[in-house]
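Residue numbering begins at 1 within each chain, and the chains themselves are lettered A, B, C, D, E and F in the order written.
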Amino acid sequence: MLLHHATWPEVETYLKRCKGIVIPIGSTEQHGPNGLVGTDAICPEVIATEAGAEAGFLVGPTFNVGIAQHHLGFPGSMTLRPSTMIAVINDWTESLLRHGFKRIYFFNGHGGNITTISAAFAEFYAQWSLDAEPCPARLMQRNWWELPGVMDTCRTLFPVGEGSHATASEVSVTQYALPHAIKSVAMSPKIAPSGSFTDAADYRARFPDGRIGSDPSQATPEKGAQIVAVAKQALIADVAEFFEIKPAAAAAQ
Amino acid sequence: MLLHHATWPEVETYLKRCKGIVIPIGSTEQHGPNGLVGTDAICPEVIATEAGAEAGFLVGPTFNVGIAQHHLGFPGSMTLRPSTMIAVINDWTESLLRHGFKRIYFFNGHGGNITTISAAFAEFYAQWSLDAEPCPARLMQRNWWELPGVMDTCRTLFPVGEGSHATASEVSVTQYALPHAIKSVAMSPKIAPSGSFTDAADYRARFPDGRIGSDPSQATPEKGAQIVAVAKQALIADVAEFFEIKPAAAAAQ
Amino acid sequence: MLLHHATWPEVETYLKRCKGIVIPIGSTEQHGPNGLVGTDAICPEVIATEAGAEAGFLVGPTFNVGIAQHHLGFPGSMTLRPSTMIAVINDWTESLLRHGFKRIYFFNGHGGNITTISAAFAEFYAQWSLDAEPCPARLMQRNWWELPGVMDTCRTLFPVGEGSHATASEVSVTQYALPHAIKSVAMSPKIAPSGSFTDAADYRARFPDGRIGSDPSQATPEKGAQIVAVAKQALIADVAEFFEIKPAAAAAQ
Amino acid sequence: MLLHHATWPEVETYLKRCKGIVIPIGSTEQHGPNGLVGTDAICPEVIATEAGAEAGFLVGPTFNVGIAQHHLGFPGSMTLRPSTMIAVINDWTESLLRHGFKRIYFFNGHGGNITTISAAFAEFYAQWSLDAEPCPARLMQRNWWELPGVMDTCRTLFPVGEGSHATASEVSVTQYALPHAIKSVAMSPKIAPSGSFTDAADYRARFPDGRIGSDPSQATPEKGAQIVAVAKQALIADVAEFFEIKPAAAAAQ
Amino acid sequence: MLLHHATWPEVETYLKRCKGIVIPIGSTEQHGPNGLVGTDAICPEVIATEAGAEAGFLVGPTFNVGIAQHHLGFPGSMTLRPSTMIAVINDWTESLLRHGFKRIYFFNGHGGNITTISAAFAEFYAQWSLDAEPCPARLMQRNWWELPGVMDTCRTLFPVGEGSHATASEVSVTQYALPHAIKSVAMSPKIAPSGSFTDAADYRARFPDGRIGSDPSQATPEKGAQIVAVAKQALIADVAEFFEIKPAAAAAQ
Amino acid sequence: MLLHHATWPEVETYLKRCKGIVIPIGSTEQHGPNGLVGTDAICPEVIATEAGAEAGFLVGPTFNVGIAQHHLGFPGSMTLRPSTMIAVINDWTESLLRHGFKRIYFFNGHGGNITTISAAFAEFYAQWSLDAEPCPARLMQRNWWELPGVMDTCRTLFPVGEGSHATASEVSVTQYALPHAIKSVAMSPKIAPSGSFTDAADYRARFPDGRIGSDPSQATPEKGAQIVAVAKQALIADVAEFFEIKPAAAAAQ
C-alpha cells in the first residue's frame, strides 16, 4: 500500500491497525557507465513497494535526492546539503507524527545518506530530550543491502566485481525494475579502482567513470529479480519486528 | 527522457544539445474521499514524462512533498516548512547549475507551492544580485492547469463541480495514470463547499472531507487521458519556448 | 492610530475593543528617474495612516525593506533574502500574537513581496498545524492597488503609460504624500519597455532606467490625492470586514 | 537627504562624492505611561534626518523593530530574535556594499540593540576574514545619547529622574518630533524603580509601568528641541569623521 | 568541582544544594609574540577552577572557541560566526536548564565575545518572552578582569604597557597556569600601537605582531599568581551573590 | 604541541613543515556511576596530547560538547543539536583552512558524534563540490578505540564487562589521566544491560544507571596507562599516514 496511491480515509483506516510506515530514501547521482542516475532511489522503492503490497504495510513517498556532493563531478548528480536534509527529514517526520505514526522506517539505498539520516534522527529526538518529554515515535534506518541474506545473494551472484559504488547488484535491481532502461556499455577497466574520496573533484580524479570497485556489466534483470525476492522477504520480517506486528497478521489485512 | 533513468554519459550528451530540464513538483496531501494523497505530484509527473518522451527534453526527479500545512488535519498529508523548501530548491538548483543547466522549469501540481517556489527563486537570484554577478541560469514555474488549453478542456469536461481542491480534473488525471488505484466513493454533499482557509484546524473545520468546491466523483480515466493529451502538447510548446529550442528540433533528437 | 505613536496603556485599551492591526509593508528600491526609492513603503504607509486615523484602527510600524534583489543594479536599492523576510515576519507576528492580536493585515506596496509574505504566512501556520493546535490568529495581505476601485481610478487618470513598475499612480501617491520631494525628470523613451526579468543584471539590461511599461512623468500630487482618497475608503471597508468589526463602530471610538 | 526620498540617479550622484550612509536603528516597545511605543526609532530618525539635511549626508530607512523581548509583557512591544536581526543587518549591509557604500553608520536609539548590532558586524566581517579578503566597508554604531554633549544636556535638563528606560530625555525628543502625540500622564511613583532584568515576565514584575528609574512627566517638547539641537551638531561631526569628509565640504553640497 | 570530573550522581547531589554553574568561556586566537593562542580560555578556566574548588560550586566545560574573526590574519586563530555561537550557547543552556540549573554564569575571558554572549542571552529569553512563560533560569556573564579589585591589581603590577590585547596581565595568568609554556620573546616596539579595527585584514595591518597597546614581556608567573588570587576571591563573592548562596555555606560543602 | 599552548609565530613556523592538525572531539555526558561526565573528551585529549608531544604534531582545542541528547535524562549531560554541531565544525574547519591547514584529523571519543561529524564533513565539502572547485583540505575522523591494537588491548584487559557505554576501558583511561578524580562505586547489577535506544526518556528507562553492557568497577589507572600507551603509538602512525609525513621526521622536530 503506497501512501501516495491511497486516499486519506484509507490512511485513517490503516492507522487503526498499524502505526508504522516505510519511507524509501535514496539519491540522484551518477552510477557509472551503465547505471541509472536514479539507482539509489529506485532500489529501495521497488523492494519496499513489493514488500508493502505483500505484507500490507504502508510505503510513503520516495525521498529521492540525498547526500551526493562527491558525485557532482558527473553530469546529472544532485545533492542536498546535510543541514538541508536534516530539516527535510524533520519536516517529514513531524508531519507523520502529527497523524499518529509511531514507527518510521527509512529504507535507504545510498551509503552517503547513512550518517546524515542518523544525524537527522538525533536532531529530531533532541527536541524531546531537551523538553524532558518522551518522544512518542521511534525512527530507524536500514540499508537494503544489509538486510539478512541480501549480501550473501549478491556475493553468490557476483563473486568478482560487485564493488561498492555502481555495484553489479544495484544495477541488476534497476534492470529488473526498469527493463526498458537497460544500458549496454562495455567497462574499461573491467573492474573499477577502489578507495576513498573527499569532494567532487577528488572523486572524479580517482574514479574516472564513476564506479568504485565494480564491474556492473555483469548485471542482468534476472539477477536483479533474485536480489529483490530475497530483500523483499527480509524487509517484511524486519519491518514486522520494528512495527511490533506479526508478519502473518499484516499479510492478512 | 528521465534524468533518473539515464546514465551520466547520457546526461553529458544531452547537455551538448540542450541546457534545459523540467522538474515536476507536487505535494503529498489529502485530496478528498476519492483523490490520491499523491495527486499533486502524480499529475505533473505523468504529463512531464509523456511530454519529455515525445519532445526529447530531460525530466528530473519529482519533488514530491511541498507546502501542505493546511492539509495536516487529514491523515497522510505531509508538509515542508517554506524555509525548508527554499533550502531544498536552492540545493537542487545549485546542483543543476553546476553541470551547466541554464533553464530550469518547475512544473507544478499544487497551488500551495506557488508562492514558496517563487520565494525560492528570489532567494537563489539574490545571491547573484548581491554579488553583482549575472546569474547564468533562468528559473521558471508553471502550473499544469494553467498551460494554454487545459482549463478550457477541464471546464468542458466538468462544467459543474470542477472545484479548486481535489478537482474532478486532477482526480481524472491520476485515474488515467494509475487505473489500478481508482477509488469509487460517493460524495456528500455532491459539491463541496468553497472558501479560504488558514491553518490545518481551520481547513478541516471548513472542508470536512477535504474537497473544496468539487465533485470528483465525475472523474474518469478517459477524461484524464484527454486532459493529459492537451497538457502534454501545451507543455512541449511552453518548454520549447523557455529552452529557446524549436520543438521539432528537440523531437528529432 | 499609529502603534509607534501610542503608549502601551493606549494599546492595552485598544485591544479591549479590537484585536486587529494593519502593518504597511513595502520595499526600498529604485523607482525610475523620478520615483522615490521608498515609494513602495510610502504608498501603503500614507493610505493606512489616513485610513487608521479616520476609522480608528491600529497601524503598526512600516516594514520598509522587502524583496528587491532584482533592483540591486540601481544604486540605493536594498533587499532582504526571502528566508530572512520569513524570519522577520514570523518574529513580528509572534510578538503581536503575544499581546492578543488575532487579525494581522499586511498592507503591501510591492509586487515582489507578495509571494514571500504568503510563504511567511505558511511558515507561521505550519507550526500550529504540525502541533495540531488551532492558530488563534488570522493573517492576510492586500496590495493597495488591488483594493476595490483603485485600479479603475488609476486607469482613468492614466489611460496610457500607467505601467507595472515606477507606475504613474504610485509616483503620484508619493508626490501627494511628500510634495517637497517631487522630482521633475523627462522620460526617455516616454513609455518604458515591458517584460519579465530574473536577477539584477537581467533587470538592468532589460529596463535601463528602472521603469517597466510606465510614463511616470504624468504623475501629479493632485492625482495622488484622488488615488489615496479612493484607496483609503476601500481599505477601511476591507479592514473592517477582516477585523469583523463594523466600520461605524470603529470610527466612533 | 533621505534615501527613501531620493531617486536612484540622485543616489548615484551622491555616491560620487560620498560613500557613507547613516541608518537610524531603533525598537518598537513600551516606553512607560507617557512614552511612545516608537520612541527608540523616532529619536535617532529625527536627529539623523535633521543632521543629514544640514550636512548633506544620506540617511537610510529606519530599522524600526529591534531586540525588545524583555518588553513583551507590555502590549504593543515587538521584537526580533537576535539571530533574525543579524540576518537582516547582513542583508541591508550587503545591499549597500553592492552599490559601493564603504561607511555604514548605524545610529542607534535602543540600548537593547547594542550587543546584537555588534554581533551582526562580526558576522558580516567574519565572511571576509575567513575568505582572507579585506572587507571594503567599515561599519560602526553610535547611540544618540552617547554623542558628545548629549548626556550633559540631558543631565542639566533633568538633574533628577532622567532614568534609563522611558527617560525624560527621550520622551522629550519624541514630544519635539511629534507634538500632536504628547500624552499627559501622572507618574506613580514619581520616579520609577531601577535595576536589571532578564525576560519579559521578570521585567514586568520589577517595573510595573515599564519605566526604569525615570520620571518622564518632566518631558517637554522644548527640552526635546534642545537635546536634538545638541545631538544634531554632534552627529554631523561624528559622521564627518567616520566618513572621512570635512563637514564644511559636505554641507556645501 | 568540575562538571567533567564529576559523575552524574555527584551532579544530582550537587543540584540538591545549589542550582548554579559557572561556564568559563574564551577564545582560541593569537595573543602576540609571547602570548598563548589559548590565553582567553585558559584565564577564566584557571580562575574558575580554583574558585570552584575553594567555594564548592560547579564549573562546567570551557567554551574554548569564540568570536575571533578579526584575529584570523594570524596563524592558529579560530572563530565561530556569531550566529553559530548563539546556537551553541542556546544548546548548552537548554541542556543545563533541563537538569534544573537556574543560575548560569558565563565567566568570560575575551572581549570579543561579550556582545555575542549578550545576544545569545536575548535569543534564549526571547522564546520564553514570546511564549508568555516566565523563564526559570537566569543567565549572566562577567569578564574576569572586571571583577572587583582585578583591574587595580593589574594596574599596580603593570603601570605601563598593560594594553588591551595580549595584555601583560593575561599573559602573566597563563604563565602562572602553565609555567612549562612560558615563551621568552623580545617586543618590538616595546609597547604595541593602540586603536580600533574591523576585519582580519584591517587588524593585521594596524597591529603587525597582534598586540594592542601592551608590553607583555613584563609578564611573570608570580604576577599571574597575584592576579589569580585576587580574581578567585572576587569570583567566589560574585558567584555567591548570583547563586544567592552564602559563600561560607558553599565552602563548607 | 598544543595549539592553545603555542604562540602564533610558533604556529606559523609549524605550518612550514606540516599542514596537519589533530582535533580531539568528545562529549559531556553521564558515564555511569563511576565514570566522569567528561570521559569522552578526556580520553581523546590525553591520547592526542601525549602523541602530539612525542611525534611533534599539532593538537588543537578539544571540542568538548557533542551529540548527547540521549543522555539528557542524567544530570550534567549536555548536548548540541546536530545542526548546531555541523555549523561549529564548519566554522572551526574554515578557520584552520584559512591558515593553510590541509589535513584536519578529528580524533573522536564518543560514538554518538560519528555520524554528525561525517555529515559536517559532507556539508563542508558540498560547498566546494557545488562551486566546482577542488577543496584544498582533507578531513578525517577516527575513534580512539578503533585505532589498531586498542580493542585487542581492551579485550585482553577486560574479557568480561567491557561494554559499550561507560566502558571499563574508557573509565580506566580517565583514571590514568586524572588519578585525583577516581570514584569508587559498587555496580548493581555487576554488568549493565545492553540494547539500543532513541531519546533521553527511552535511554534512562532501559539503562537506569547510565551504563550499557559494562562493568566499569574493573577500571584501574594502570590499565588506563596500558591503553593509552597502545593508542598513542597507533595514533602517531595513523596521523603520520594521513598527514603524509614520516613519523620519524615528525618526531625529530
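Quick notes on this one:
The rule is short, and it goes like this: a contact is a pair of C-beta atoms (placed from the backbone, for glycine too) under 8 Å apart; a residue touches a chain by one contact, two chains touch by 3 or more.
From a predicted model like this one, the values you see are computed outputs, not experimental measurements.
Taken together, subunit A and subunit E share the touching chains C, F. Homomeric contact subunit C/subunit D is classed as same-residue, with over half of its interface positions used by both copies. In terms of their C-alpha centroids, the spacing between subunit A and subunit D amounts to 55 Å. Chain centres here are Cα means. That of subunit D falls 48 Å from that of subunit F. Between subunit E and subunit F the centroid-to-centroid distance comes to 24 Å (mean Cα coordinates, whole Å).
The set of subunit D residues that touch two or more partner chains comprises 72, 79, 81, 83, 87, 95, 98, 129-130, 132.
Contact topology of the protein chains: irregular, matching none of line, ring, star or complete. Interface residues of subunit B facing subunit D in the complex, by the touch rule stated above, are 129-130, 132.
Subunit D makes touch with subunit C in their complex at residues 2-12, 15, 28, 30-38, 41-42, 60-62, 64-65, 72, 74-81, 83-84, 87-88, 91-92, 95-96, 98-100, 178, 181, 183, 185, 210. Remark: subunit B residues 67, 69-70, 72-73, 79, 81-83, 86-87, 112, 114-116, 118-123, 125-126, 128-130, 132-135, 138-139, 198-202 touch subunit C in the complex. Those residues of subunit B that touch subunit F in the shared complex are 94-95, 98.
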